[in-house]
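Working notes, beginning with the structure itself.
Which chain is which? They are A, B, C and D, in the order written, and residues in each are numbered from 1.
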Amino acid sequence: MIEQLKFDFPGHPSPVQPARGNACIGVVNSGNLEVLIESAALGGRCEVDVKTSANGFKSTWAAVLEDFFARNRFADIKISINDYGATPAIVSLRLDQAAAEIMEKEMR
Amino acid sequence: MNVEQTLDKIFSREYKIERDGLVISGSGICKGRTVAIIGTVDHAAIGVDSAFRLASAVLKVIQEFPKRPILLMVDTQGQRLTLQDELLANNAYLAHLAKCFELARRMGHRIVSLVYGEAVSGGYFATGMMAERAYALPDAQIRVMALDAMARVTKIPLEKLVELCKTSAIFAPGIPSFVRLGILEDVWQGTLEDCLDRALRLPVVYDNRAQLGRERGGREWAANVAIRIRVSAGLA
Amino acid sequence: MMILGTSSGWSKLKENRHQRLQRAAQLAQGKVVPADNVVALLEAVIEPYDRVCIEGDNQKHADYLSRCLTQVAVERIHDLHIVQSNIALSNHLDIFEKGIARRLDFCYSGEQGARMARLVGEGKIDVGAIHTYLELYGRYFMDLTPRVCFVAADSADPDGNIYTGPNTEDTPPIVESTAFKNGIVIAQVNDIADRVPRVDVPAGWVDYVVKSPKPYYIEPIFTRDPAQISDIQVLMAMMVIKGIYAEYGVNRLNHGIGFDTAAIELLLPTYAADLGLKGKICQYMMVNPCPTLIPAIESGFIKSIHSAGSELGMEKYVAARPDVFFDGPDGSMRSNRTFCQLGGHYADLFIGSTLQIDVDGNTSTATLDRIAGFGGAPNFGSDSRGRRHSSHAWLKAGREASHGSTKMPRGRKLVVQMVETFREHMQPTFVDKLDAWQLKDDFKMELPPVMVYGEDLTHIVTEEGIANLLLCRNDLEREQAIRGVAGFTQVGLARSHRAVENLRHRGIIRRAEDLGIDKRKANRGMLAARSIKDLVLWSGGLYEPPKRFRNW
Amino acid sequence: MNLAEWRTRESFYEATARRRITGVLDQNSFQEILGPADRITSPHLEELGFPVSFDDGVVIGSGLLNGNNVMIAAQESGFMGGSVGEVHGAKMTGLLQSALATKTTAVLLLLDTGGVRLHEANAGLVAISEIQRAAFRLREAGIPILVLIGGNNGCYGGMGIFARCCDHVIMSEEGRLSLAGPEVIETAGGVEEFDSRDRALVWRTMGGKHRFLLGEADRLVIDDIRAFRAAAIELMQKPEPLTLESMLQEHRRLAERLEAYGDCKDALEIWKRMGIPGSDSIPIMDNEAFHAAIKPYVASKETQEKKCHER
């Protein structure tokens, strides 16, 4: 069954400005995930919605996401994830790719 | 009912068919209108040879009897599952058949299909589902895959599938599902002669299945998504 | 002459051997035994409580002979002591289930590990010890000398000269230990020919030759499809090349057989070449002819490879590259696990993957409910204390380990474990306690099955970076260095952030960015081959992959 | 092999649906329709407790191909085997309908699919039929549909039939185009009928080279996104007529195939019968060598049809 997790992070006080409205990275297949990153009016905060087929890893998700927001100066960003049992290494990689992608004007 | 018994009822015995392997072709008279008959028998597994024969029959009607309506009699267990069929590209033979039906439609032939035996997956897709309007007899069998096989492939427990089948037409085998999704226009009951006659009197449609599916509450997304796309593309 | 000794009869083994041969006299024509006579032959030449060695390698198996052994009458032949490096086939264990054999000394049991565990639990197998390859071969000549051995080979001539084919593997120590201690040597061959292409075992050492109904069982176990290498593995491989191979100038090494090291091999012609490392790293390798080595060989990276065994599909390629591989006068490869293990033990670096690493750096591939063993990895993956020759890499590692102490200069072997912090299904690689301890208790072993001991381990590479354990000054630092690359596992989360930052500052932990590696460039596009077909193209069509690896 | 040249290639087989699209189209020209942010996911997968994808495994939109307006769809290889469910299918049908309304130069379909998504069996089957119907309307209007096949799933089931209902098929050697998959045939007829683990057999039965040799693919290209793009540019303004004449031609071609190879049990026999010297080594030839080897013996689909026509 799919577990739904929601996380909320304070935005960065001097955030970077995304070049695009959204970007989507990754594929929902076994051991992988899809990350949709969007600009959203969230009063400066950041939100993450996770739907995952691997249940019981909330604290791991929290740690991975915390680390991600510590690396990136984001505010007013919404991230939505469809996960099919990816490891934290893959999750971090896809998050970084999504973050880089939304900062680029054109889609590669 | 076998094919002869069914045709007896539709055409009040005024028909003539030839059998070539698992393929039949011929014509009958329904309420004074001559209708071409093309179809398969004996739960045909459709391989390259049968697909080719069906296409020959369609092309013959197009060439010899312009605008004659076609009744497509369906009894198929699906495509034939052999290496040799795939080696010769069974998909190409079935595509060729589909294109022949499309050509017939363009050239003014009404096409009505009737599942009188069984209809399974790719075999139905390339035959009965090519018709302008598709019908079935009440005791016919239609499915994409049997539930136990589906459970095996999708790794969903069989009990769960059986339970979901009670409410969802999306994967439940059987005629009611295919009606609710708009794949079948209707089930023929009562006098079959009248049924065919009525079907041939309906206005020409191109593809009303998504709309029917939505009206009948079987599937909403097909119609809605197509509309949303047209909106997104700035067309509506 | 005065006789001081008390014993008489110094040739009992020889006399006993003669009796055995006599019993089997009717079953052979010369040395050739028809396949149908093999069960009777085994009943004639084997005696209860004998020590029997069955050739079970990584590649070739005396599978027909071992199957025949399951068919002997248990009232005639029982309580055998089997010595065998690799328990790979179900019939290897059937003989224990039936009571034909009882005691077992071995190295590796792989896929049979779970059944082995069950039989040990039921008291059907009495395990002497789980060895490394070199240990077991050594004991063939010490206290575990076989009375009878079964070997497998490609062909034999009617006199009994044997050609092993490219998979010589374990045959030499098995035959030599048996034949020179008056044992019985039985060879299963795929073919009996008038002349063999080359003589790998002289006829004089061989007693019986059997043409098996089917060729010996062989699996392409070292073939890694580049299509399955992930971006993360590419990233880790880039870190290894830049952060370890280039840093130490590693030229003589052994690679494990996983996808991680396959990624390194496939980055040599691209990433490593771009870094100008050709001719500076990876010139001499002790490794099976893994197909993923082809691009590096073809681009001139690798000068020489010695192999423990061959690999299915690589025969023509290996034969066409005699400057790189060890090929016989007949043109085909000659492998030898003993020498490959020996060379690898004295090389400058071992790198491979593992399933678990604890906070002391002990690693293990043992999993619960299985008794598997490690084969050759512990010999490759340990410091060679007897080494007396120097090299740049060895001395540099030694200097790092000595922390500037000037007393006695000495080198260190680089022993690297390359892992992702989580395996599939979110199994953490880093753990507080290895499953090996549980296994030790469950099966009442004397030692937990550890593959690489922490004291031998010098580097850990994960997607998070490289931990150089040589530079750690004490156990506390070492533990933090390990935690510092353990990612989001519990072990990793329990790190001291301050300590880890300090280690990073001192270059003990190095992240991709510290090494100047752009993570976004770490993708499969860097690989010199992305599919088996690419490998075939690199080989000019010489590599003939088994059918199951093809998509063309 | 020239490593420098090889390194400039970008594998179509390995690329995601989005990357295939942006690589095939003119740079920066792709405009996605109903993208991930619209979150049109499959309600049926969700109900069954399976992970969903924001685009339900198919990316659709418009863009430019060599400066011409085209519409394009690409199935995502990794999501549910590229299978067609209700939403997935409706997106493709809607795209084709929009292409008809906007009269684009061509439609490109990058298919990578096992066919019907069994989790949505009935809805998936009719979805493919609706895609097909919409495609026929487009062809009637003279707008060519190009099918590109070179992904991991090949193109099977109803979509395999559909692909050959379009104007042109462009394949790589890695691509497969067929109806029933190897595993399905093995399940039905046993391993003696079809050993699905024998991948060489799978590819010489269903793969790009054999399909090209039979005339089932118009172009056989190397596994490089740019090669697919070049072939698409070449064919995008060449609609295939669907007329009585063209159908009779195709009918004759298929009759000849049955006649010539109907008794063959392996592609190797067919290739031998085609008279290609060294046909046994066809699987191992690179694209260039393959085209050179077969040229004198196998007419392209176009010339085959021309020949039929002349008769």
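Following the convention adopted for this analysis, contacts are C-beta pairs under 8 Å (C-beta built on N, C-alpha and C of every residue); 3 or more make two chains touch, one makes a residue touch a chain.
Owing to the predicted nature of the structure, the values given are computational and were not obtained by experimental measurement.
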Distance-to-centre winner among chains (Cα means, whole assembly as reference): D
Chain whose average C-alpha position is farthest from chain D's own: C
Pair exhibiting more inter-chain C-beta contacts, A-D or A-C: A-D
Intercentroid distance (Cα basis), chain D paired with chain A, Å: 34
Rounded Å distance, chain A centre to chain B centre (Cα mean): 46
Chain B and chain C: spacing of chain centres that average the CA atoms, whole Å: 60
Between chain A and chain C, centroid-to-centroid distance (C-alpha), Å: 42
Junction residues of chain C - those touching two or more other chains: none
Touching two or more other chains - residues of chain A: none
Residues of chain B whose C-beta touches two or more other chains: none
Complete list of chain pairs which touch one another: A-C, A-D, B-D, C-D
Contact set on chain A toward chain C in their complex: 31, 54, 57, 60, 63-64, 67, 85, 87-90, 92-93, 96-97, 100
Contact set on chain B toward chain D in their complex: 48-49, 52, 55-56, 59, 62-63, 79, 81-96, 98-100, 102-103, 106-107, 121-122, 124-126, 129-130, 143-145, 150, 153-154, 156, 160, 164, 168-172, 177-178, 181-183, 206-207, 209-210, 213, 219, 221-230, 232-233, 235
Chain D residues touching chain C - in the complex, by the definition given at the top: 1, 3, 6-7, 10-11, 13-14, 173-174, 197-203, 207, 209, 283-284, 286
Complex contacts: residues of chain C adjacent to chain A: 230-232, 420-426, 463-464, 487-488, 493, 519-520
Chain D-facing residues of chain C, complex: 227, 269-270, 299, 524-525, 528, 530-531, 533-534, 536-538, 541, 547-552
